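As C-alpha cells, here come the structures.
You will see chain A twice below: alongside chain B first, and alongside chain C after that.
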Partner chain A sequence: MYLYDEFDERLVRERVAQFASQVERRLSGALTEDEFRPLRLKNGLYLQLHSYMLRVAIPYGALNARQLRQLGFIADVHDRGYGHFTTRTNLQFHWARLKDVPTVLGLLADAGMHCIQTSGNCIRNVTADPFAGVAFDEIEDPRPVAELIRQWSSLHPEFEWLARKFKIAVSGAAQDRTVMKSHDLGVRIVRDAASGEIGYRILVGGGLGRSPMEAQILRDFLPRQDLLAYLEAALRVYNLAGRRDNKWKARIKFLVHDIGVEAFRAQVEDEFARIDKAKTNARPAEEARIAAFFAAPPYENLPGVSRKLERSIARDEELARFVEHNLTRHKRKGYAALTISLKPVGGIPGDISSDQMRVVADLAEQYSFDEARVTYAQNLVLPHVRLGDVPHIFARLKEQGLASANVGLITDIVSCPGLDYCGLATARSIPIAQALAQTFADPARQKDIGELSIKISGCINACGHHHVGAIGILGLEKKGAESYQFTLGGDPGDSYALGELLGPGLPAEKVPEAVERLVAVYLARRQPDETFIETTRRLGLAPFKTAFKEIADAVA
Partner chain B sequence: MLLLDRHGPKEDVWERAEYLCQAETNFVLAPFGAIAESPLVDSELRLGALLEPDRALDEVASFFDRLDLIVIHFPSAADGRGFSVARQLRQAGFKGVLRAFGPLISDQFPQALACGFDEVEIIGASAARQPVEHWMEALKRISFLYQRDYGATDSIPEQRLARAAHV
Partner chain C sequence: MAAAKRPELPAILVANDLREGEVVFATLEGWTRDPRRALVVQDERAAEALRDFGAKEFLRARVVDPQLVAIENAEGAPRPRHYREALRALGPSVRPDLGKQADFPL
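Up next, the complex of A and B:
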C-alpha cells in the first residue's frame, strides 16, 4: 500500500495549517461566509442538520491497520464512537465540533490521511475496484494509477474552482466494480487487441443525481504515458465550458449531453494536442516509484483447497453461509478476498464503531498483509486471507457483530444517511433500510432470493445510488410527508442500466410490503439459476408494475 | 483597489478606457472587443486588454504582438474559468503581463501565479477585508505542488527525481 514520503506528508500538514488560517480569517471577518464555505467544503467539513460533519478521504478505498486505529481513536475522542462509510468509500464523522477540526486533521495526517477535496467543486476522492491487485479477472492493478491521479488532482492550481464536483474512478479488471459509468470521468485499464500494449479507455459524462446519465467513451485507447496530459485537457475543457449559471446543470454530463460527445471529444483532443506532454505527464520513474508500493505481498504457496476450512464448514452452518456469500475468488491459490458486511440486520448501513475498527485493524494486520479496503457498497474487504484462516477470522468478526453473511443479498442494502443526518435530505433512508433488513432477515429466505441489490437515497442527489439498484428507492417529501418512489432494473456494472419508475410514491410503512411483492413476482416467474436482475431484464417492467400497482392503489 | 505581484503591492500605470480614442496617456487598458475593432490598434499606444473568461482563445492570439497586458476578469471567486484562460494564453505563447481581476480571495493568489498570472487586482470589499499581508502569507503556505508544469521548477515529482539521482 502507498505510504507518504516527506513531500506527501509536508503537503498534508501545510494544508492543515492553511485551513486553520482560513478558519481564523473567517472569525476575524476577513472572509465572508460565502467566501469561507467553499474553502471549508474543500477540507471535507459540512454543516449538517444537527452538527458539523467531517468527511475523511479514503483514496481508492485503501486502509491499513494504523489508519483504522487512528480513525477509531478520533471516533472515541472527537466524535461519538463511530463513523460512517459512504458510497464514495469515504468515512464520515457525523458529530464533529468545529473547534476540534484542526486537531482531527492533524491526527489524520499522523496516519497518512486527509480530508482534502472530499467536497466542493473540485476533483473528489478517486475510487477504484475494491478487489484491486486481488481479482482473478484483473488486467492490471489500478491502484498505482489511482494514486498517481490522487496526487495529480490534489491542490491542483487550475482545477480547484470547477463549475461543479468532479468524480473519477479507475478500474483494471474485465468486470467493472466501481460504478464507472456513473462517474464524471472513468479510467479503465485495457489491453490493445492489436499491439498487446496496456493503456486506458477514458469514459466521460456519467452521473446520478436528478438527471442520471450513462458515461460515454471519450477515448477508446489512450497510451499510458499520456494520462495526465489527457486528464488536464479534459478538465480544462470542462472548467471553461461547464455551465456556471445553474448549479443543477453544471456537472460535466450536461456539457457532454448538450454539445454531444463528438464535439466534446474534438475540443479535448484539440487541447490535448496543444499541451506540452513531456512537461506534463508523469515520468516512468515516478510511475515505477508509486507502483512499487503495490507489489504483491509475500504470499505462501498453498493448495487451492483448505482441509481446515472444509472441516469447519461441515460443522458450522453459519460459517458455511459466510463462506458462500462473503468470499471472493483471489488470483492466488489458497487465498480469498473476504468481505466484511457492515449491514447487520437492524444496523445502519455503512456504520462502524470504534471497537469494530480496531478489530478489523487487528485482523488486517494479522491475516491480510496489513490491508483493508472500503467498497462503494459500504462494506469492508480483507483482500488477502488464507482460506485456512477464515474460520478464525469469522469467529472474531462474530464477536463484534461483523459476521453478517449477506454480501450481495437483499439485506446488503446501500443507503445514504438521509434525513437522520443530512441537510439536503427530503426523507429518511436509514429506517427504511432497517425495516427492509428486518423483513428479509431469515437467512434461508435471503439465500433463496439470491443476489439482489436494494439502494436507497434520501433525496434526488442520489448518494445512495438508487438509480443503479435492482430495486431503487428514493425518499421524497410530498405534502409534508415522506414518500418513497421505486425504480426497477438498475445495474451499476458492465450491463449498466438506470432503473425505471414503477409507479407513484408510497408511505414509509408500505415499503417492505412493496419489496415483498416485487420479490414474489421474481420467485414465481424466475427460470433456473436466473437472478432477480436477469428476470427483470427478460420479463420487462410490466409484471412488476402490476404487482406494485396493487399496493399503490390500496394506499391511494 | 489592491494590485499585487509575487513581490508585493504595486502601482497601476494603466489608464482604463472604454474605447481607445478616449486615451489620455500612453498606457490604455480597454475591453478586448474595443481594441479588436479600433483603428488605433496600429498606433503607438501601449495596450492592455480586458478579457471576459468566455472569449475564444484564437480570437485573442492574433493580437498577442500588440498587447503588453491581458487582464482576465473573474466574475466571482468561485468561478475558476480564468485560471484555465491564463493557462491557454501562456500555452499559446503570450509573453506579456497577465493580470487576474475580480473579487478573489487570498488563498487563490498562489493558484493564479501557478496558472501563469503575474499579478492580481482586487477591488471593493474583497480588497478592504484582505490586507496585503494575507496575500503574501498565502504564497508561503503550500511549499510544493504535485503538478509538474505549473510555474515552479521545484514540483514534488522534480524533487523526487533529483533525490533519486543522488542516491
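Up next, the complex of A and C:
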C-alpha cells in the first residue's frame, strides 16, 4: 500500500495549517459564510441537516489497520462513535464540529489521510476496483495508476476551480467493478490485441444525477507513458469549454453530449498534440517508485482447497452461506478476497461503529497483509485471506454483527444517507433500505432470488446510484410527503444500462410490496440460471410495469 | 431586491450554530438547543422581528442559515409542519439515540 513521502506529508500538513487559519478567521467573523463555504468544501466539510459533515478521502478505497484505528479514534473522540462509507468509497463523519475540524484533520494526517478534494468543483477522490491486485481476471493492478492520478490531481493548480466536480475511476480487470461508465472520466487498463502492449482505454462523459448519461470511448488505446498528458488535455478542454453559467449543465457529460464525442475528441487530440509530453507525463522512475508500493505481498504456497475450511463448512450452515456469497476468487491459489458486508438486516447501509473499525483493523493486520478496501457498494474487503483462516475470521466478524452472508443479494442494498442526514435530500432512503432488508431477510429466500441489486437515492443527485440498480428507488417530495419512484433494469457493469421508469411514485409503506411484486414476476418467468437483471433484459419492461401498476393504481 | 416571502404562521426561527454545527432555535434570550424552548411567533410583525434577529446573528458569525419554519403546536414542543424540518428538529429517524430526540423528552 502507498505510504506518504516527505512531499505528500508536507502538502497535507500545510493544508491542515491553512484550513485551521481559515476556520479561525471564520469563527472570528473575519470571513463571511459566502467566503468560507468554498474553502470548507475544498476540505470535505459540508453543513448538513443536523450538523457539519466531514468527508474523509479513501483513495481508491485502500485502508490499512492504522488508518482504520485512527478513524475509530476520531469517531469516538470527535464524532458519535461511527462513520458512514459512501458510494465513492469515502468515509463520512456526520456530527463534526467546526471548531474541532482542524484537530481532526491533524489526526487524519498522522495516519496518512486527508479530506482534500472530497467536495467542491475539483477532481474528486479517485476510485478503483476493490479487488485490485488480487482479481483473477486482472490484466494489471490499477492501483499504481490510481495513485499516480491522485498525486497529479491533488491541488493541481489548473484544475482547482473546475466548472463542476469531476470523478475518475480506474480499472485493470476484464470485468468492470467500478461503475466506470458513470464517471466523468474512466481509465481502463487494456492489452492491445495486435502488439500485446498494455495501455489505457479512456472513457468520458458518464454521470448519474438528474441527467444520467453513459460514458463513451474517448480514446480506444492510449500508450501508457502518455496518460497524464492525455488526462491534462481532456481536463483542459473541459475547463475551457464546459459551461459555467448553469450549475445543472456544467458537468463534462453535457459538453460531450452537446458537441458530440467526435468533436470533443478532436479538441482533446489537438490539445494533446500541443502538450509538452516530457514535462507533463510522469517520469518512469517515479512510476516505478509508486508501483513498488503495490508489489504482491509475501504469499505462501498453498493448495487450492483448504481441508480446514471444507470441514468447517460441513459443520456450519451459516459459514457455508458466508463462503458462498462473500468470498471472491483470488489470483493466488489458496487465498480469497473476503467481503465484509455492511448491510446487516435492519442496519444502516455503509455504517460502521468504531468498535467494528477496530475489529476490521485487527483482522486486516492479522490475516490480510494489513490491507482492507472499501467498495462502491458500501462494503469492505479483506483482499488477501488464506482459505484456512476464513472460519476464524467469520467467527470474529459474527461477534461484531459483521458476518451478513448477503453480498450481491437482494439485502445488499446501496443507499445514500438521504434525508435522515443530508441537507440536499428530498426524502429518506435508509428506512426504505431497512424495510426492504427486513422483508427479504430469510436467507433461503435471498438465495432463491439470487443476484439482485437494489439502489436507493434520497434525491435526484443520485448518490445512491439508483439509475444503475436492477431495481432503482428514488425518493422525492410529492404534495408535501415523501414519494418513491421506481426504475428497472439498471446495470453498473460491462452490460451498463440506466434503469427505466416503472410508473408514478409510491408512498414509503408501499415500497416493500412493490418490490415483492417485481420479484414475483421474475420468479414466475425466469429461465434456469437466469438472474433478475437477465430476465428483465429478455422480457423487457412490460410484465414488470403491469405488476407495478396494480400497486400504483391502488395507491392513486 | 425581491420582497421577502411572507412567512407561514405560526413559526419558529431555526439555524445551525456556527461553531458546533448543531441545530439551534431562537428564544427571547438568544439561542437554545432545546426545541421545546423555541420562541413561537403568531403574527407577521413578530415573525419579521425574528427574521431580523436571525440576519443579525448570521452577520455576527454566531449562526448559519437562519430561517423561519412553519409549525403546529404539539404537546410540549412546536412541531415543524414540513417533514424535512420535523426531522431536523428531532434527529435522524433511524438513530433515535442521536439528535434532539435523544437529548430532550419530545
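Going forward, the second predicted complex is superposed on the first by the 548 of 556 C-alpha atoms of A that agree within 3 Å, B and C clash if a C-alpha of one lies under 4 Å from a C-alpha of the other, contacts with A are read in each partner's own complex, and residues count from 1 in each chain.
By our rule, contacts are C-beta pairs under 8 Å (C-beta built on N, C-alpha and C of every residue); 3 or more make two chains touch, one makes a residue touch a chain.
This one's a predicted model, so the numbers in the text were calculated from it and none came from an experiment.
Asker: With the two structures overlaid on chain A, would chain B and chain C clash, or do they fit side by side?
Answerer: After superposition on chain A, which the two structures share, chain B sits beside chain C with no clash.
Asker: Quick one: classify A:A481 as touching chain B (first), chain C (second), both or neither.
Answerer: Touch partner of A:A481: chain C, not chain B.
Asker: Who does A:R80 touch here: chain B (first), chain C (second), both, or neither?
Answerer: second
Asker: Per the contact definition in the header, classify A:L11: touching chain B only (first), chain C only (second), both, or neither.
Answerer: first
Asker: Which chain, chain B or chain C, is in touch with more residues of chain A?
Answerer: Greater contact footprint in residues on chain A: B.
Asker: Contact-wise, after the overlay, does A:L162 reach chain B, chain C, both or neither (first, second, both, neither)?
Answerer: first
Asker: State whether A:R526 touches chain B only (first), chain C only (second), both chains, or neither.
Answerer: After superposition on chain A, A:R526 lies in contact with neither partner.
Asker: Going by the contact rule set out at the top, does A:H392 touch chain B (first), chain C (second), both, or neither?
Answerer: neither
Asker: What is the C-alpha-centre angle with chain A at the apex and chain B, chain C at the ends, nearest 10 degrees?
Answerer: 80
Asker: Should A:E33 be classified as contacting the first partner (chain B), the second (chain C), both, or neither?
Answerer: So A:E33 only meets chain C here.
Asker: In the overlay, answer first, second, both or neither for which of chain B and chain C A:K510 touches.
Answerer: A:K510 contacts neither chain B nor chain C.
Asker: In Å, how small is the closest CA gap from chain B to chain C once the two complexes are overlaid?
Answerer: 15
Asker: With the touch criterion stated at the top, can you tell me which chain A residues are shared between the chain B interface and the chain C interface?
Answerer: On chain A, the overlap between the chain B and chain C contacts is residues 29.
Asker: Under the definition above, what is the set of chain A residues touching chain B in their complex?
Answerer: 5, 7-8, 10-11, 14-15, 17-18, 21-22, 25, 29-32, 35, 38-39, 121, 151-152, 154-162, 236, 239-240, 244, 274-276, 279-280, 282-283, 285-286, 289
Asker: Touching residues of chain C toward chain A in the complex: what are they?
Answerer: Listed in rising order, the residues are 16, 18-23, 58, 60-61, 64-65, 82-84, 87-88, 91-95, 98-99.
Asker: Where on chain B is chain A touching in the complex?
Answerer: Contact set of chain B toward chain A: 53-54, 77-81, 83-85, 87-88, 91-92, 105-108, 110-111, 114-115, 129-131, 134, 137, 141-151, 156-157, 159-161, 164.
Asker: What does chain A use to touch chain C in their complex?
Answerer: Going through chain A, the ones touching chain C are 26-29, 33, 47, 49-52, 80, 95-99, 348, 419-421, 428, 430-431, 434, 480-482.
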